[in-house]
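Going in written order, the chains are labelled A, B, C and D, and every chain counts its residues from 1.
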Amino acid sequence: MTSFDPRRVRADTPLFARVINDHPIAYLDSAASSVPPRAVIEAMSRHYERRHANVHRGVYQTANESTHDYEHAREAIARFVNAPAGANEIVFTKNATESFNLLAKSWGAANLKAGDVVLISEMEHHANIVPWFQLREALGIEVRFIPVGDDFRLDLSSIDELLAGVKLVSVTAMSNVLGTVTPLKELARVAHDHGALIAVDAAQSVGHSSTDVTDLDVDFFIFSAHKMLGPTGLGIFWTRQDLLAEMPPFLGGGGMIADVSTTGYVPAKGPARFEAGTPPIAEAAGLGAAVLYLEGLGMDNVHEHERRLTEDALTRLETEFDGRIQVIGPATTHERGGVISLDVKGVHAHDVAQVLDQYGVCVRPGHHCAKPLMKRFNLSATARASFGPYSLIADTDALLEALSDAVKLFG
Amino acid sequence: MSNLEDLYREVILDHYRSPRNRGELATPPAIRVEGFNPLCGDEIVVYLLVEDDKLVDIKLTGHGCSISQSSSSLMSAAVKGKHLGQVRDTITTFKQLMTVHESSLETTSNPEVVDVRALGELAALQGVVKFPVRIKCATLAWNTLSQALDEVDA
Amino acid sequence: MTSFDPRRVRADTPLFARVINDHPIAYLDSAASSVPPRAVIEAMSRHYERRHANVHRGVYQTANESTHDYEHAREAIARFVNAPAGANEIVFTKNATESFNLLAKSWGAANLKAGDVVLISEMEHHANIVPWFQLREALGIEVRFIPVGDDFRLDLSSIDELLAGVKLVSVTAMSNVLGTVTPLKELARVAHDHGALIAVDAAQSVGHSSTDVTDLDVDFFIFSAHKMLGPTGLGIFWTRQDLLAEMPPFLGGGGMIADVSTTGYVPAKGPARFEAGTPPIAEAAGLGAAVLYLEGLGMDNVHEHERRLTEDALTRLETEFDGRIQVIGPATTHERGGVISLDVKGVHAHDVAQVLDQYGVCVRPGHHCAKPLMKRFNLSATARASFGPYSLIADTDALLEALSDAVKLFG
Amino acid sequence: MSNLEDLYREVILDHYRSPRNRGELATPPAIRVEGFNPLCGDEIVVYLLVEDDKLVDIKLTGHGCSISQSSSSLMSAAVKGKHLGQVRDTITTFKQLMTVHESSLETTSNPEVVDVRALGELAALQGVVKFPVRIKCATLAWNTLSQALDEVDA
């Protein structure tokens, strides 16, 4: 195991030089978007400065280099999640949300019919809800929800009944509100036992723990580059080669065709079929660098580091606020990641975040694109703090100090 | 520089803790209009009872941050019992108060064109413009009221 | 008028420091992707180094700054194309291709029915063909083609008959193969006279001449950031506010909703409805810088500069090769831009491009995602050279020298 | 370093200018398989006449660059009249020749595992691996032939 030092990660990450309202920045919003290290930023600058060209259709040198970087990122991602058939199973989209739309509107539209059920959960992000509602409008499928218990975990007690008529289970690997980690292997097993496929929203897990889609035995795996130290503008869609081969085209245009005439078109094979138009080339170069960087840190190290930070923060939030602040999520780090949603009694999350900003503490207030979950717990918003590999106990110190002040201000 | 005292003036915290005109009105005769701030989840429902061109009663429900809640409470106090023309004038004045000069990230309210004294307690919301993201919190209730008045006209 | 100096543009653009096979790079592939100046690259680096955060849902300072940059780019684009109602009419997508899919699958699906006609042209890019074929499969619309004449221009002699039953005309502002510029104002007028709307593929025009959608009186306007000195991963969709307001959602997810429950969702209003998920934030910062940079150059200057380069190149290609090389496109710069497709007799375009690469000359061989047009002229590929604001006569010199050698090698 | 002479050897230019086995065969008895290279537009149609496990005739049509055209011509000359087992061996050997070592942008063919002498004229295509984007030009005909043989088996 490599020696992991979060202070080195911090030194590698230019944003942490910033001072906000006379305080060093305490960036606690990695669940919304993580902060890329210098290596990622430079990989993109280098792309534009040295080799920028469109991919795939050039024979000159910078076009080859661009294409190489782009395809290299695909291989890096395939390796990072352990895709059984490698890069041929990786589709690049613009974000996790587009990946879900691809799943629903290509695989879903081709394989689901009126009455078929897609089983999601009450703790899904809108990205894994709205596309299914859209498919319901179009095809008359049913969208069913796995409930979330008062322990902030999926209530799987009736999973066999819930699975009746289900063709696809689509669940988050980790809730972006509660921090709850889903028992994916178990769910994959029961889903398959019932003849259903399983899709995973890994937006919150991939940058924080090691991933092995082969071992998980899942069918679709979706995430975003910008939540794993990579750039904006790039999402990932993984599925097994055999499923990918059967998926009809989604977005149409250049690059996704084998032939076009005035009477019709023939779609391309492989990932290209789903990558219409000029792809996010510089972004892929950045993602390639992010994967290398994370591999250098070691995902198990990252995970253990964030687990310790979370444990410390949960303990202190519990003991230092006399019950005035409630953590909306599991109380221990057992099957739980570094996302901590707070409900400060009598203070709206927006106001909490506003006060925290005065201390350079960056937390996100709101419904976190998970309105059904908020309704489940009768909340309109939480203030959410979340960790990354560069997070330090000092960030938690700043968070707690600022929270005390917020509580005081609102009396 | 922006600082918290500018934003969270005592009047605002008071209206947040003890909101005026909370509740519902029977529809009809009252009309009911909902407002959302989809990005932060704030919701507001405005009930208006208009008789003879006069806003004889107003009630509010909903939830949101101290700014959106106090702004709606302050608004209800400011417009209740007024003629619709006056209500519209108040809306216009308030919106001017909330105008951000977009030439830079620095923002200031527009004191030359807004007669702050005429606003009474509403002037407490002046500090919001220094926090541009919170402007939409402050204006949610007002936009909803505008919409409700349009329905009255229609 | 500002004084325009292409050598200054070149000095501003880091890629031009590159040496390829012992030759200074002669980048003649701007039609595929233009080369961003330092100001654009730095705007993106600065974003990641100083202010990176997700947009819209934060109250802390870097989140505000991110949001500001993102919305500022929208305003810059609205100004750049003279959108009558400003930023409220600008939707950010991932590329021009997604913008066409949005047009076809949101506006088109809501407004077209079996038998309705979409009129495109034989010189369209696949981005403006395949989505209409997909809609034909889904709805049974008809896709009709304006022919291209032997003069390489749209043959509008039967435009009135062609317009029978047409609900939408969707045409390129400038062919990415021929360089031909479309008479948009005239087409907009006849389209409107026949009760049809008109969409424009401006991917090839926006970075090379000044744009005024209000004056053109068109209804939809689509282009890509990476063809106007901006980054990859960002496309633009403009339409009139009244049309945008009536368009149903396309991609579903976070950010495009007003409300979501376990039973359904309410879409957001305005551009947000079409921007599901984390948008291309750093890319928008880059695009904002690109617009500023182009405004600094002056689009009329850029246009005149490229016109002169094109005129010179066309003349020399005509006189120096004894008819061995044919230009596939108009012979003069009248209603023609700086895209020059070449057919070298007896030498395949791939081989031409390969030889040129040895001289550092970057041209693109292939069908340029315009297969129907290639079939129209009985070609399988051309070698295409294209100019940008940084292009110099020296690039043309290098091109011609390398072409002579290609002709010699293949005898 | 890559240079043009490596790529455009005289044999290649000769096969490009005077392609062998151009034409069509009647189907049936021949089978016909199409190959595309969607990114560059190269197209190839392979006609195979197989009798008693032997490739008694092969014809080609299509269009493309000098590499794809000469490779298909060289292929047709190399496999015509051979037993299917031999044809498959030739395909395997050729594909090995085209293998790129992906450890870096630098690419080399694989001379230890490929007996270049056994390839005869085909060895002229060896220079292609130094130009990775052109490998797909060189392999198009071969992949199409592979596919055609699979159809024979099926």
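The definition used in the following text is that a contact is a pair of C-beta atoms (placed from the backbone, for glycine too) under 8 Å apart; a residue touches a chain by one contact, two chains touch by 3 or more.
Predicted model only: the values in this text are computed from it and were never measured.
**Student:** Taking each chain's centre as the mean position of its Cα atoms, how many Å separate chain A from chain C?
**Tutor:** Taking the mean C-alpha position of each chain, the two centres sit 31 Å apart.
**Student:** Using the average of all C-alpha atoms in each chain as its centre, how far is it in Å between chain A and chain B?
**Tutor:** Going by mean C-alpha positions, chain A sits 37 Å from chain B.
**Student:** Once you find the CA centre of chain B and the CA centre of chain D, what distance in Å lies between them?
**Tutor:** That gives a centre separation of 75 Å.
**Student:** For chain B, write out the residues touching at least two other chains, lowest number first.
**Tutor:** 39-40, 131, 134
**Student:** Of all residues in chain C, which are in touch with two or more distinct other chains?
**Tutor:** 57-59, 63, 257, 259, 350, 354, 365-366, 371
**Student:** Should the pattern of chain-chain touching be classed as line, ring, star, complete or other?
**Tutor:** Per interface graph, the chains form some other shape.
**Student:** Name the touching chain pairs, please: which are they?
**Tutor:** A-B, A-C, A-D, B-C, C-D
**Student:** In the complex, go through chain B and note every residue touching chain C.
**Tutor:** On the chain B side, the touching residues are 36, 38-40, 105, 131-134.
**Student:** With touch defined as at the start, can you tell me which chain A residues reach chain C in the complex?
**Tutor:** Where chain A meets chain C, its residues are 14-15, 18, 20-21, 25, 27, 29, 32-33, 35-36, 40-41, 44-45, 48-54, 57-63, 94-98, 100-101, 104, 122, 125-127, 129-131, 133-134, 145, 224, 226, 231-235, 249, 251-257, 259-262, 264-265, 276-283, 350, 353-354, 356-357, 361-366, 368-369, 371-372, 375.
**Student:** Residues of chain D touching chain C in their complex?
**Tutor:** Going through chain D, the ones touching chain C are 3-4, 7-8, 13, 39-43, 63-67, 69, 131, 134, 137.
**Student:** Of all residues in chain A, which touch chain D in the complex?
**Tutor:** Answer in residue numbers: 56-59, 63-65, 67-68, 257-259, 268, 272.
**Student:** So in the complex, which bits of chain A are touching chain B?
**Tutor:** My answer: residues 347-351, 354-355, 358, 365-367, 371, 374, 380-381, 409-411.
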